[in-house]
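The following pair of complexes shares a single chain, chain A, combined with chain B in the former and chain C in the latter.
Up next is the complex of A and B:
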C-alpha cells in the first residue's frame, strides 16, 4: 500500500480519521545471529491517527513486539531495521541515539507488559515520573515532582501526593501499571505504544486500565498502538486492526472488518478458536492445526499454508507464491494476504 | 458417603506463616480460609478467581501436594488428610495433576519415554512400550515422539505430554491448574478440545483451575468462584454464567472483554484491588469493593446459601436476583 503513505494531501485516511501521526512503511527487522540471519518482521505497513487506536494482533513469534521495539529504536545492535517510520512526518530510522533519546519518551512512549521490571526499585515512583519529565523539560526538581503528582492523580492513584513518595514494591500490579502509564504520559506524547499492557493483570483490573487508556486518549488525543493477543480487548478498544503472522501482515482493516468480515483463514481461525464468556459453550472449538512457525523457518509461499484449512482449495500457488495484501470488501480499507479470492466459509 | 464423590474437601484452611521481622508483625497469609468443595464422578468443575484468591493453593491441597492447616481431604471416599509418603501412592492413582507451565514441569534431561515411565514405576509397574505409545496416542501424539526430549516440542505438544503423564495411572480425577494459560489462542483451543475428548472417551472428571472465565465456560459443567480464600458462589455453570448471584461474580463476568465490536454491555468496573489475605476484611471478604455493601456485610462472613432452592449457592447478604440482572447495576463506579 505505498499509495496510502504517499497520499497525505487527502484530508481523511481510513475510516475518516485525520492524517496519521505515526506511519510505518515496509518495515523489515532481521536479527544477525550465530545461526545466520533470522527475519523477524518482513515488510509491514501501518499507521495511526491522533485519538485513534490501532491494534496489532498475533501469536508468539508473529513479530508484533519486535515491530513496536523497532519503531521505538529499542532493538539490540544485532538487529537490522529497514523501511520507513515517520513520526509526524519525521523519519526515525537512521537517527543517532542522541536524537532518538530526545524523541523517545517525549513524542512517542512505550508501556510494557511487565510494570515491575519497568520501574526502578530504588527510587520512589514520584521521583521516577518526575525524572522522565526532567529528561525532556528544563525545570526544577520541585516543579517536575509537582507535574509527576498531577500525572499520578490523573491515572487514578489515590492520594497521589503521599503515594508519590512510595516505592514500586509498595504498589499492587494494577497500581504499578498506572504508574508506568503516568510515566509514559508525563511528556504528553503524540503516540503511545502499549505492548500487552494488561496481560499480567486480573480481568477486573484490566477493565480499569483499558478504561484509563480510553479516557487519556479522549482527553489528550493520543494515538494508541495496542499490541495484544486478546481479541476481546481488541474488539473493545481498537479502531483498526493489523493481524500479523510469521512477521507479515495477514490481514488488516477496521475492527468491524476483522470481526464481521474476516478474509484471512488465520484471522477466522483465531476468532473460531476463542472461547466466549458471553455465549453458551460450543460442542467444539474451531482449531488451527499445528503451532505458529518459529522465525526464519519460512521459505516460499504463504507462511500460513502448512496450517491452512483452505490451502487445498487453491493448490500449488499457496506453496510457491507468497500472497500480497489485496483489497477486500469492507468499510473502505480492508486487505488480506491470501490467494483464496473469496471470504472463507467457516469450517470445523 | 456415596462412592461417586471423587473429592470432598471439608472446611479446608491453608495458612502460610510469615516470619516476624522486627518491622513486621508475625502473621499468616490465609490463602484458603474455610472451603467446602465436592467433585462428583463425571463433573468438570471450574474453579475461578483472580490472583491471590487461593484457587491454586486449593488445587494443591486437594491433590495432597500441600498439607492443609485445618480441615479434611477425602479422595474416593477415604480420608487422606494424614496419609503421607509411600502410603499416598494408591491415592495418587485416583487423582493426578496437570500443571500450568509444561516447560517447567517436564524434566529437560529425560526423554518423553522416561517421563511417561516414571508414574508407572511409582506404582511399581513396568510399562510396555505399547502402553506408552497408547498414552501418546490418547493425547494426539505418536510413537515417533517417544525418544524425543521436551525442548523438541512446541508449548502445546509439551502440555499434551504433561496430560499423558497424568493419565498414565488411569486416574478418575484430573486437577488441571491453568492448563492453557501459557498457550497461544490457536493452540489453547486444541488442548481444550483434547480435554473434552478425554472426558468422553475415558470418563474422566476434572477440576479446572483458571483465571480465564471464557475458557472455563467452554468446558465446565459446574463453577466455583473464589475470592480471598473462600468460595463466594457455586453452582451449575450454565446457571452461574447466565444469572450470577454474587456481586463479585457479576462484576467479574462483566469485565471479560468479548470479541464483538460495539457490543453494548453493562460493565461493572470494580474499584481498587483485592485486599491482602494477611489481614482480610471482617465479615464478607468482598465488601470493600462491593457496590451493594451495607453495614451488615462487615459483621459476620456470609455462608453459602441456596439460590431459589437449587444447587446454585451464594455467600452474600444481598444476592442479585434475575430481575436485577436485566437492569443496569445501581451505578457504574469508576476509579
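Up next is the complex of A and C:
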C-alpha cells in the first residue's frame, strides 16, 4: 500500500502510485459580504492522481462545492481564494482570466448535479458539446459536431447522430446526465470534478451513471474528484475520501480507512446515518443531532463540538482548542482532526 | 414544419372571426350614438328633403344589420353609392367610403400608412437597440454608476407623457437650438435625408418613452439569466465572459423581449395618436381622431379594424417567432 502524505509537494512518489495531477494545499476561501468576511473553506489539502478517485464528503454548506469552484476559478468576484492549486505542478491561483479560461473545460472539467439546469435550453445538445470542443480547438463547426457525436455515442446515447440535434428537454434525466458527461469529457480533461452527479437521478440510473464514470476513467485515465453525500456511492467508487465539516477537513484517508476505521465522530455519524442492508434493520436511521454551524460562527475549539457525542470524554479542550489533523492507524495517511486520540467506541 | 403551417392557418381563421365580431361591435356602437352623419353631410341650410336624400345616398336609411352586411359585401365586391352620374364608386376591397373626405377608406389608409410606418418602425429600431443595450449593460454593472444612470433614465421615460416630451423636444431642438424641423413629413421616396431629418425628433421621443420599459425588462431578465446554472456551465466549459453574455445569457433574454416588442410595434402601427398630433404628421392616428370628430363612421370602422388586424397579426408573428427562439415551445 502506498505510503502517501497527501500534503506532499514536489516530485514525491509513492510506491507505484503515479504523481498527483491535481494538488490542493492550504486552500482558503473567504467571501466578502456586507456583514463582513465569511470563511467558507478554511485550509484544506487534497490531491488526486490520474485514474484515481477522491471523494469529498460532507453536509450541505461544508464547503465541498465551494472548494471545487475555487479550483476551477469559478467563484464570484467577492470570493478571496488563497493557498495552492497545482495542476500538473502549475499554480492556478493568480492566473489571468484568459489563462484560466484555457484550462477550464480543457484540463479540468466539471459535471454538475442537475443536468437539466446545467444545459442551455436554447441550443441542441450536439451544439453544446461541440461548443465545448471548439472553445479549446481550432476546428470547423462541422468537425466539432462530428467529435461531439462521437462523444455522445461513447457515453451511451443511442443513435447519437440524430439525438445530437435534439434539445435538452427532449432527454430523460439519465440521458441528460450522459450529455453533460460527454460535454465534460470532449476535451479529454486530466481532472474531472463531479459535483453530486447522481443526486437528481433514480437509483437505477444512478448506478448506470456511476458505472459510466468509472468506465470513462479507466479508459482515459482521468483523475476524478467526486463530491457527494451518498456514502454508498463513495464506498463503491472512491480510492480516497476527504470528510469536510464547516469548511475544514474532519478526516481523510483511504476508502477502507474511512469505512472500517473511521476516527472522527462526525464520520461515524455519517456512517451511522447511512441505511445498510447488511445489518439487522433498525427502527429508524440514526441522525446527527443539531445542524452544522453557520460559516464563521465558530472561532475557537472544534467546530463539531456542539453536536459531538464524545465531547464529554475529552472535556474543555474541545471548546478551547481546535484539533489539527493528526495521523491515525490505517493503510497510510489516515488522519483525523479530533482531540479524542483513540478510535471512539461506536455508539450506533 | 407542417405543425407550424397548421398553427398559422388555425390562427388566421380565428383572426377572421375576431375581426368580424370587432367590426360588428364598432358598427353597433356608432349606430347607438345620437348624432346623425347625414346631417353633417347635408350642410346648412338643410331641408328635410335634402337630409332624406343624403341619408339615402349614404345608405343610412337601412337597418344597422343591412348596413353591416353591405359593408361586408363591399370588402369582396365593392360598393356603389347613389345612381347615375352622381354615383360614387368604391372598388373592392372596399372598407367603406368617407363622405366628409370624399375618398374610399382603403385609399385613405393606404395614403396615411407610410407616415405611421415611418414613425413606428424607426422608433422601434431605436428603442430596441437603446433598451436592450442599456438593460444588458445595467445588469452586468449591477449597482455601479452605469446601472443607476440607466435605471434613472428608465424611470424618467416611464414617468413622462409622450406629448410633454414631444413638445419639450420641439421647443429645445426645433426652436431654441434650431437643429431639426418642428413638424411635417417628407416621403422617403422624395428625399431619404429629409425624411429621416423630419422624423428624427418623433423617433427619439417615442424611443425614449418606450425604451424605458425595455431597459427594465432586459435588466431584470439578464440578472435572472446570468444566475442560472447553464451560465456556470458555459464558464466551466471555458467560454470567455463576452461569449457567456452574448451567446448564453442574451439568448434567454431574447424571448420575452421579442414578445413585448411584437405587441408594442403592432399597437404603434395602428397610429401613434399623440406623437402624430404633436408633430403634425398625417398618419393613421391623426386620421382616426379627426374621423371621430366628424362622425365619419366608415373611417373609424376602417382604421379600428386595420389597427386590430395589426395587433392580431403581431400576436401571431410573436407566437411563431417564440417557437423558433425557444425549442421548448411547441405549435401543435
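List of remarks:
Convention: the second predicted complex is superposed on the first by the 322 of 348 C-alpha atoms of A that agree within 3 Å, B and C clash if a C-alpha of one lies under 4 Å from a C-alpha of the other, contacts with A are read in each partner's own complex, and residues count from 1 in each chain.
Convention: contacts are C-beta pairs under 8 Å (C-beta built on N, C-alpha and C of every residue); 3 or more make two chains touch, one makes a residue touch a chain.
Computed from a prediction, not measured in an experiment: that's the story for all the values here.
Contacts of A:60 after superposition on the shared chain: chain B is touched, whereas chain C is not. Residue contacts after overlaying the shared chain place A:256 against chain B, while chain C stays out of touching range.
Look at A:325: by the touch rule set out above, it reaches neither chain B nor chain C. Legend: residue contacts after superposition of the two complexes on their common chain; A:144 is shown touching neither chain B nor chain C. Using the contact criterion defined above for the overlaid structures, shared-chain residue A:235 touches chain B, although it does not reach chain C. Residue contacts after overlaying the shared chain place A:225 against neither chain B nor chain C. Among chain B and chain C, the chain that touches a larger number of residues in chain A is B.
In the superposed model, A:70 makes contact with neither chain B nor chain C. For chain A in complex with chain C, the touching residues are 72, 74, 97-98, 101-106, 109-110, 112, 114, 117-124, 131-132, 135-136, 167, 169, 180, 183.
Here chain A touches chain B in the complex through residues 59-60, 156, 172-175, 202-208, 210-212, 229-236, 238, 255-256, 259-260, 269-278, 280-282, 284-289, 291-292, 307, going by the rule given at the top. Of all residues in chain B, those touching chain A in their complex are 50-51, 154-157, 184-190, 192-193, 196, 211-215, 217-219, 238, 241, 251-253, 255-263, 267, 269-270, 273-274, 334-335. Considering their complex, residues 228-230, 232-241, 248, 251-252, 325-328 of chain C touch chain A.
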